[in-house]
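Residue numbering begins at 1 within each chain, and the chains themselves are lettered A, B, C and D in the order written.
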Amino acid sequence: MHIPDGFLDTKTWVALSAVSTGFVALSVVRANRKIGEKHVPLMGIMSAFIFAAQMLNFPVAGGTSGHFMGAVLAAVLMGPFAGTLIMSIVLAVQCLMFADGGITALGANIFNMGVVGSLSGYLIYFLLSSAIKGKTGKLIGIFIASWASIVLAASACAAELALSGTIALNVALPAMAGVHMIIGIGEALITTTVLTLILAARPDLLELTKI
Amino acid sequence: MISIKELVFKYPDGHLALDGINLSVSAGESVGIIGSNGAGKSTLLLHLNGTLRPTTGTISISSLPVDDRNIRAIRRKVGMVFQDPDDQLFMPTVSEDIAFGLLNLGLPENEVKEKTDAILNRFGMSAYADKMPHHMSLGEKKKIALAGILVLEPEIIVFDEPTANLDLHSRKDFIEILKGLKQTRIIASHNLEMIARVTQRVIVINKGKIIADGPAKDIVSDTALLETNGLM
Amino acid sequence: MISIKELVFKYPDGHLALDGINLSVSAGESVGIIGSNGAGKSTLLLHLNGTLRPTTGTISISSLPVDDRNIRAIRRKVGMVFQDPDDQLFMPTVSEDIAFGLLNLGLPENEVKEKTDAILNRFGMSAYADKMPHHMSLGEKKKIALAGILVLEPEIIVFDEPTANLDLHSRKDFIEILKGLKQTRIIASHNLEMIARVTQRVIVINKGKIIADGPAKDIVSDTALLETNGLM
Amino acid sequence: MEYHLIDTYSKRDSLLHRLDPRTKIIVFLGLIIMIVLTPPKQFITFGQYGLLILGLVILSRIQVWFYISRALLVMPFVLMIVIFVPFLKEGQTAFRIDFWFIHAQVTHEGLIVCWNALVKSVSSVLLITLLVATTPFNDILHGLTHLRIPRVLITMVSFMYRYLFVLLDETERMQHARLSRWFGGYIRRQIKVIGNMIGLLFIRSYERSERIYASMLARGFDGSIRRIDNLKFRAADAVFAAVIVALLTIIWETYNL
């Protein structure tokens, strides 16, 4: 889902760079206001954690494999804006070190995974876990939120490629959304298992200061 | 049992970790591998169950060459106990962790449960079945990690630094367990005292090469050899 | 120098880690703290620079009580070398890591650079200045972690398992460094041999209590004492 | 894990290595943007960019195979486009494929989209690679600090970069341990196991961050991290930037013709 340079036209990447810069700036302001001394190393370690967790591939049907994205997990553990920051940094470092995603497309990639993925996922989780009480609500919430975050991020990616005239929407959207509806199940199962483990081992870690 | 011929391993960055290892181990032997940090001990161990594959050279376990075709059979024969049990115990509870390998073998659930209970009982740890490994002491975690391997009934068990970081009490305890095992054992460590107590044969490696191979008591008392290889 | 009176510490989960510790250490002493895993060694160390605070009891360093008002002065006086150097070397390069504490003291940049260069030179590690800790061996990381503390010129240095996981060569090297230090040293470990070589006085703790306190050679040779406290 | 390939090159010495990271960040970013903004049919211009990149590669004195292997990293995405677009894009037929059961037409418009994506993504990867292969990551961070990237972000990246390798090693060891008791099959359980591993990795990472925080406090950490850097604009930086700007102006002039 990491768009390289050259796949988006000028109006699209410029606009998305502006939008993402806005969200990142907003997150930075919120972080500066709420971040405690203790969060200084924590936020960096969490970015490394998401990056490392993304290295664990799981098999998807047909010999292909997917990997964990982690936007919803980061948002639920650290707060939605922290999720945006963490995903932005992971994407920026992946772009620089692994040539995963382009520089001019960085804004679009941050928008898809860091903004759409993290914020929409958090919103869904928040609504569902408030509506259904207790552990069940949290687990159902994170399952649906993680699945949706993948599908929404992939759809946003398809829409951007279509707006740029690279692939027609009627091809890109069904293809991207369809594949990611399956990959999303993997994301949802993984994220739910992670939350179950944390609830059992260190439930206090769900009560960290949220940004 | 284990037969390694001219094993050379180069990491992708060009670092030559193993430089022509030849080694055979017979069934039931207990072999210590000693060498300083970075000598190539862990790299060698990871070849024994096919986690790493030779750059050149061959390895076979009970006459089966270690390759993609045999990998499942190899992993059944060779159990690995890693240095840090936190790397090995990733299931939420002790009993789930021990069941992990058994379920992967496709055993039916009642049999899995029986075997899990039996091994916990043998280690005197039945009370730990539903505990989370995360909250246990290092010595307890080490035992559970070993139990998760033993329950699979491997023919060979490979240990990487089995007593590192253990306090003396847990170390004694674990050494007794190591001595009581009947399987072929390969034990890598830089703790000479432990190696002397649990193995009959010792191999010294340095810079990816086997420098010496002989009876444990001869090697451990050969101060000149140990000193030149950074072991004293 | 260090004076601890009736120190009791309970973790938030209710676990009683320290149960009435009384201890005084004079300037220039080198004191070993031995005890099995979970005896309370690390908990005690974390009280010495105010990272943890007593549930009841008092601690003072050079007559300064350890409290929020004095915390900066306390941390200047007490340097801590943690067990895992990866937890301590958090800056991207060696020289930036050593500079971290100096810059926090408010020293001007040229002085920071001078001191950083001098300490690296003293450890024979000038070539490492721009290296990433990730590319270094455990022994090298341990030395850099110590350099980052020594450069702050503390009066007391606290070590948690300074030689854990080191191979014999690096261990020897580090023991020589430990012996050469002039500062008051508190060294927690369950490695009796190392403790016997680098300290004059040894304290045995078990279940949060001081069981024995005496000259190193007496304690280390008292097999009955060591055995009842899980150290042999 | 052997993820530090890039660092092996950043400590070498060449004209490009010696430049101030700020110069390189601005010049390379500018170049990438120029290339991305160039209309796809300016074939000569792309050829000129190619020569410029080649020149920079020669200046950097890094092996060519390294570049080629890096450029291949974008291939999966490029391939996805190459497979679909030429056939699906409507427009003038360029040629037809009639092979066995495949009967498809490839359009000029489709080929242009492919070319555009391919040439730009590959050029961009080459330039990004050149930047990170000639600049230690830490210097890039110092450069970005001076270029007004918020400190929170720089600190996060700095910690991330330091501990990424530590966590990747942890992940790899867990992966080895998992595979040594893995005998195949059972996708659903495998996903659950990965979930548990990630959960454990999170708890371990959190606990590590607590230990790091304690060690920071022990050395007088008060909430802000102070750093010194040795960044200096030199004459070489000015000359380098001027030459690149001049070359770009020439390229720009020729394409306006």
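The rule we apply is simple: a contact is a pair of C-beta atoms (placed from the backbone, for glycine too) under 8 Å apart; a residue touches a chain by one contact, two chains touch by 3 or more.
Keep in mind that what you see is a predicted model, and the values were worked out from it rather than measured.
S.K.: Which neighbours does chain B have in common with chain C?
M.R.: The common neighbours are D.
S.K.: For chain C and chain D, what's the span in angstrom between their mean Cα positions?
M.R.: Their C-alpha centroids are separated by 41 Å.
S.K.: Centroid from C-alpha atoms only, then distance chain A to chain D, rounded to Å. What do you get?
M.R.: Whole-Å distance between the two chain centres: 19.
S.K.: Send over the residues of chain C in touch with two or more other chains.
M.R.: Residues 90 of chain C touch two or more partner chains.
S.K.: Quick check on chain A: which residues sit in contact with 2+ other chains?
M.R.: 41, 196-197, 201-202
S.K.: What residues in chain D touch two or more of the other chains?
M.R.: Residues 4, 137, 158-159, 161-163, 166, 170, 196-197, 200, 203, 208, 212, 216, 221-222, 225.
S.K.: If I apply the definition of touch given earlier, which pairs of chains qualify?
M.R.: A-B, A-D, B-C, B-D, C-D
S.K.: Where on chain C does chain B make contact in their complex?
M.R.: Touch residues, chain C against chain B: 36-38, 137-139, 161, 164-170, 190, 192, 230-232.
S.K.: Which residues of chain B touch chain D in their complex?
M.R.: 11-13, 46, 49, 51, 72, 75-76, 78-80, 82, 84, 86-88, 90-92, 100-101, 103-106, 134, 148-149, 152
S.K.: Which residues of chain A touch chain D once you look at their complex with the stated criterion?
M.R.: 2-7, 10, 13, 24-25, 28, 31-32, 35, 37-38, 40-49, 51-53, 55-56, 58-59, 68, 73, 77, 85-86, 88-90, 92-93, 95-100, 102-104, 165-168, 171, 175, 186, 189-198, 201-202, 205
S.K.: Within their complex, state which residues of chain D touch chain B.
M.R.: Contacts found on chain D: 2, 4-5, 8, 170, 173-174, 176-186, 189, 193, 196-197, 200, 203-204.
S.K.: Over in the complex, which chain D residues touch chain A? Could you list them?
M.R.: Against chain A, chain D makes touches at 3, 6, 29, 32-33, 35-37, 70, 73-74, 77-78, 81, 84-85, 88-89, 113, 116-121, 123-125, 128-129, 131-132, 137, 140, 150, 152-153, 155-164, 166-168, 170-171, 175, 187-188, 190-192, 194-203, 205-206, 208-210, 212-213, 216, 221-223, 225.
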